[in-house]
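In what follows, chain A forms one complex with chain B and a second complex with chain C.
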Partner chain A sequence: MKRFVAPVAIGVGAVLALSACGGAATTPSGESAEDGTLVIWNWGNSDDAAAAYQDEVLAVFAEQHPDVEVEIVSQPFDQYYTLLGSAIEAGTGPDLALFNGGTQLKSRTDQLTPVTDELADIHDQLAGWPAFEDGGETYSAPMFLQGFPIYYNKAIFAEAGLDPENPPTTWDELADACDTIASETDVSCFALGNKEGLGIEFFLSGFGSGIFTPEEYDAWIDGERDWESEHATQVLQLWADTAEDGWYNDGANSTAMFNDSFDLFSGGQAAMVIGLSSGIAHWKQFDDFLGDDLGFMMPVTVNDGTTLALPIEGGIGYGVLNEDKLDLGVDWIKATVDRDALANYSIAGGQIVSDTTIELDTDIQSAQDIVAELPGSKPLLHTSLGGDTLDLLHRVGQQLLIGEITVEDAASQLAASEG
Partner chain B sequence: MTAPTSTRAVVLSDPSPGWPRRTPKVPRRKRKITSETVTPYLLVLPVLLILLVFRIYPLLLGINFSFTGDQELNGVFVGFDNYLFLLQDERFQASARNVLVVLLFVPIEVLVAGLLATFIFIKVPGHRFYRSVYFLPVVLSPIIIGAIFNIVLGANGPLNAMADSVGLPTVDYLGQTMTALPSVLAVHIWATFGMALVIFLAGFSTLDQQLLDAAKIDGANFPQTIWHVIIPGLSQTIQFVFVTTTIGMLTGLFGLLYTMTAGGPGAASYLPEFLIWKLNGEARPALASAASVFLLLIVLVIGLIQIRVLRRATKES
Partner chain C sequence: MRAERISRWVIAIPMALLAIATIYPMVYAVNIALKDRREYVLDRLGVTTTFNIQNFVDAWTQANMGRYYLNSIIVTVASVAIILLLASMAGYAIAHLTFRGNRVMFLVILGTMMIPFQVIMVPFIKLMSDIGTINTYAGLIIAYVSQFLPFTVFFMASFYSGIPKEITEAARVDGNNLWGVWGRIMLPLGKPALLSMGILNALFCWNDILIALLVMQSPDQRTVMVGVSALRGQYPDNVPTYLAGVLLVVLPLVVVYLIFQRQITAGVTAGATKG
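Up next is the complex of A and B:
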């Protein structure tokens, strides 16, 4: 037996010695640079409109690079960043990958190649850049704008005796409206799915501009955050209070946001919801169910000295992972923001696109209302948080909702996680 | 020893072919390298290579990786930093605590499976029907089971509607800290006890019928029969079911957790597996590797304890 063990032990030792210097520092190899392929990862096309948009982007890119073969790999969104992270660590990552703006992109900038100068020429044409900028460098161009508009159901407002055309504009009015809806109807005031803990980030970004002063808001985005400040703890307090006051559907902590909570709103089981502006849970999707009953409202004024702003920023964009294919990658990014492709998709798929020169040709009033608020809009508050803090926020959000921790405790935990 | 002419002859003539027998009386001689001595190594080589390349090597890489940093420290040796970070991380502490809760549920599953198997064994009316019904959930995917019980256990779900109709309080089972993990574990037991039940039934078939008859003649009642005849006779089966159930609980809960609670509320239903997946998704694969090493240690320690217990039980019998 000894004779057999020895070579194995030597082999294992050699493996350890070899791998000890390897670590995780593998970067995507440039081996495929010569053979003219561009490997791109995304999370697939949710519908025909998305597929048609991708075909248009491919066509635009093919015009410039007819000999380059584009290989698009669709990964399931649930595991997208896990799979991507593993692939990058293993050195088998794609040349380009789709990213959500904000935290998801910013926590991976060390793996991305900056494209600041390369995209300078299209900078003025698009809105929503901050979600793709970090440390003074730009890492991608936003294809769509993702925001957290508040939608409401005019029919439920009317049923409760509220004015469907004049939604609440202050926190007190909103609280009164919720009381009225609770007493006059058997639906909940807000639809909330907090199983993944996302509810509080929708709440923070959705109502933020009515709580924080413009100076505090900008400082927050710039990374100067004090979770124990008056207005930050107020966000947590309001979140806990709204749950205590029964604004939400039963079992919010065990309800999935996508799409159970949005189904509650579409199905007329809730009067309001903080939804999205692009991709899913947006004006076009709700319009299919509610039609003319769908309304859009701005955040409400909670504190004096605040300036209400639509929370919206660059939603998704491709980042360059393989530096050797920078030129091809930049051309792909530019193809994704091709004006015609975006214009067609904005209507077909229900997107608020980043190109501000495109007029949204739809008669869905809430979409026009959202677009009208774009000039004064502000970036989302939660996407500037680091991954750790965001995950902690999800967890304390769930605990606050069921009254398991105090607002002070939540605030101090969040402050500690920001370091 | 004459050279055997076939593999069969080798096997029959020598209980350990390839290993030259050594007896104390015979002085040690130089072993010759013949096809006989080499063949066994060649035969096991493919399996060993597969184990080395696809199990041991990635395992070592993972352990090595757990000593490096994430993001800007990618590939840099950081010593035990990841481990120290995990030890004071709220989610890791929660998942370690929850492993203990999981272990508490193992005897429950063994008990449920054992009792129901006993009922089938003593041929209660409809036992054939129950045998297939009990096994049915085993063939369902955890994701489907999770989706079903999301509805059943929902705040407005059928279970709460039933409780409400008879005046009992309603509970958001999956959204409350005290009930989230136990609910998932209860569903896991429902979904997997069928396998344990089948193993028990196989064990029952080895029971000595004479002993059972003797117990009956001696006037033993049902509980006495279970306690003094069936359980001693099934000791090995029970040990085996314990081990497989524990492994199943420690490594097979991800699908249910993912669909039913997503680890929440807070970190109330985090388990190591789920934490590893979350950490990797947060672009911290090295930290996830450190958590994986911890999970490996947990499973290793529990596994070794159980093997010890199992071995002792086998000796006793």
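Up next is the complex of A and C:
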């Protein structure tokens, strides 16, 4: 009998012993309360410029805390918040974590340590704070400004016989332009690749200032929302109508977070796209493909009495989860908004940074146009929604695209979700 | 003759379409993985002209695959070895031995298969943290064994119940104790099922992301599948590099499958019938 059991037992024992040794060599990130370590979660660097920026931030932090070991853990984004929530609940969460401003941060403020007083000295230097504030407290500092500017391809406009230097300014002009593009070119009017549900949040925030009056807009941001109001249902109706009118390219009704539409726009397969101002799908990335043909346009006027505004706010920032590491956490947050680090990343990575003292040194016209609109900008409409309502908005957005529900159904579901 | 030829085509055409549908994603992934980002954006479906091998180099280095491969191999081999050892013993006991609570134990094992990991993940990770196994190979191995053992026990019990009890009884008469019967009779007879379960469990362990993410939170301790999934970031804008990483990760599985495909095919149905 020993002939059979012994080798297997020895083998398994050896592997387990090796396993235990190998694992024990590393400091568990769950024990981050240990002195001298700061465990930080984020979702990785999208490119070399982002990696270089992170290195600069690490260097700034290391100057202040040479003996503190910073352990940065990059988690896959699509499971990031689930994983973070589970880890926090289980007591194995990090000391700091990266958050999207708005919905994602505000729905977790009960787990975050406020840093209002600690960041007061840099408050005037940065823009985009509201996305990181809740209940009168500040929970992080915005590194970049994230917004939904509308980009267009001047070459396609010219091919369709439209004036590339004068993009549409009203909804009727936009609708006419889309009709012309459809009839005169082979490309779609707006890029919307795989319909992963995010499209409607881009539509809501991208066109919102031309649909809602300034009073309605501000009330929406303050949480006084009526999804069954005339203008809120108009957003849903326009979304459904534009799909029915063939403004968008074909694509699967996928739930994967896939930025197909940005590649379609870069590849000249669509005349316009609601893109981003930082991170990805921004002026620099589009400029790499379109060069001087890249144009930026403001939202169009849909209703009288509206005031057009660039939708933009604080994009991402680190929040302190471990109160015992508050001082280190605050210094890390301040390192992420170090002026030199942000200035370098602004150019290399194509970011609209939060530091208002940094001048964007680029000859890319669309970037300059976006910066010029910052003073009159407004926060994004969708990031003021709660997590459940935002998820529901994504779902009804998909259903509206394929005609599975009516605008009234969508509006009543959304209204119900907000109680 | 003609009717036979027609019927062959009737079968062959759908099978060919099915084969194409199965192979196409892999061919698509290989084609994209060989494109640079510009070519991917400008001509996604066309055959690559850039043959950008650099994507594979970038994926290998960015996802720290050298280290993560080693982690995955250690964890997968150890987990599968333990699962097979325990499942073979438990399967034999449940199928052939009469003892108090036999039936209840089998039902409990069946019951544990019905609970999704997501339901228990918070208390599970808390327990792992309390016993100090977060960020250790042992922790992830324990996690995999606990997750994948029940199905393997169920499968082995089903397989062993197809072996006539007369065989094990004859072995006992010949002087073997329980361990001897298990080692000399059941283990060799169970080889097809064990091989099949070995492959399936290796796939489960190798492909897992969620459990590995929870248990291995330190960057150095990650498995290769987690490393590749972290290549994506919030917006997966460099799809060619990402797909190159995916191909590098699935390569060992494809090789293993090609080597053992006959045994896998035979093993999948091994426990389906009794006797």
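The criterion applied here is as follows: the second predicted complex is superposed on the first by the 376 of 419 C-alpha atoms of A that agree within 3 Å, B and C clash if a C-alpha of one lies under 4 Å from a C-alpha of the other, contacts with A are read in each partner's own complex, and residues count from 1 in each chain.
The definition used in the following text is that contacts are C-beta pairs under 8 Å (C-beta built on N, C-alpha and C of every residue); 3 or more make two chains touch, one makes a residue touch a chain.
Computed from a predicted structure; not experimentally measured.
Asks: With both complexes superposed on chain A, which partner does A:Ala59 reach: first (chain B), second (chain C), both or neither?
Replies: neither
Asks: In the superposed arrangement, which partner chain does A:Ala120 touch: chain B (first), chain C (second), both, or neither?
Replies: So A:Ala120 meets neither chain B nor chain C here.
Asks: Quick check on the superposed pair: does A:Asp250 touch chain B, chain C, both, or neither? Answer first, second, both or neither.
Replies: A:Asp250 sits against chain B, while chain C stays out of touch.
Asks: Report for A:Ala87: first if it touches chain B alone, second if chain C alone, otherwise both or neither.
Replies: A:Ala87: touches chain C, not chain B.
Asks: With both complexes overlaid on chain A, does A:Gly197 touch chain B (first), chain C (second), both or neither?
Replies: First partner only, chain B.
Asks: Which residues of chain A are in contact with chain B in one complex and with chain C in the other?
Replies: 4, 8, 11-12, 15-16, 19-20, 22-24, 26, 79, 86, 89
Asks: Report the residues of chain B in contact with chain A in the complex, numbered from low to high.
Replies: 41, 48, 52, 56-57, 60-61, 64-65, 68, 70-72, 74-77, 90-91, 150, 153-156, 172-177, 261-262, 264-267, 277-278, 280-286
Asks: Across the complex, what residues on chain A touch chain B?
Replies: It comes out as residues 4, 8, 11-12, 15-16, 19-20, 22-26, 79, 81-82, 85-86, 89, 107-108, 110, 194-197, 249-256, 387-388, 391, 394-396, 398-399, 401-402, 404-405.
Asks: Which residues of chain C touch chain A in the complex?
Replies: 38, 40-44, 74-75, 77-78, 81-82, 85, 121-123, 125-126, 129, 132-141, 176-177, 179-180, 182-184, 187, 209-210, 213-214, 217-221, 226, 229-238
Asks: Taking the complex as given, what residues does chain A use to touch chain C?
Replies: The contact residues of chain A facing chain C are 1, 3-5, 8, 11-12, 15-16, 18-20, 22-24, 26-31, 43-47, 71-79, 83, 86-87, 89-92, 94, 257-259, 262-263, 266-268, 279-281, 285, 289.
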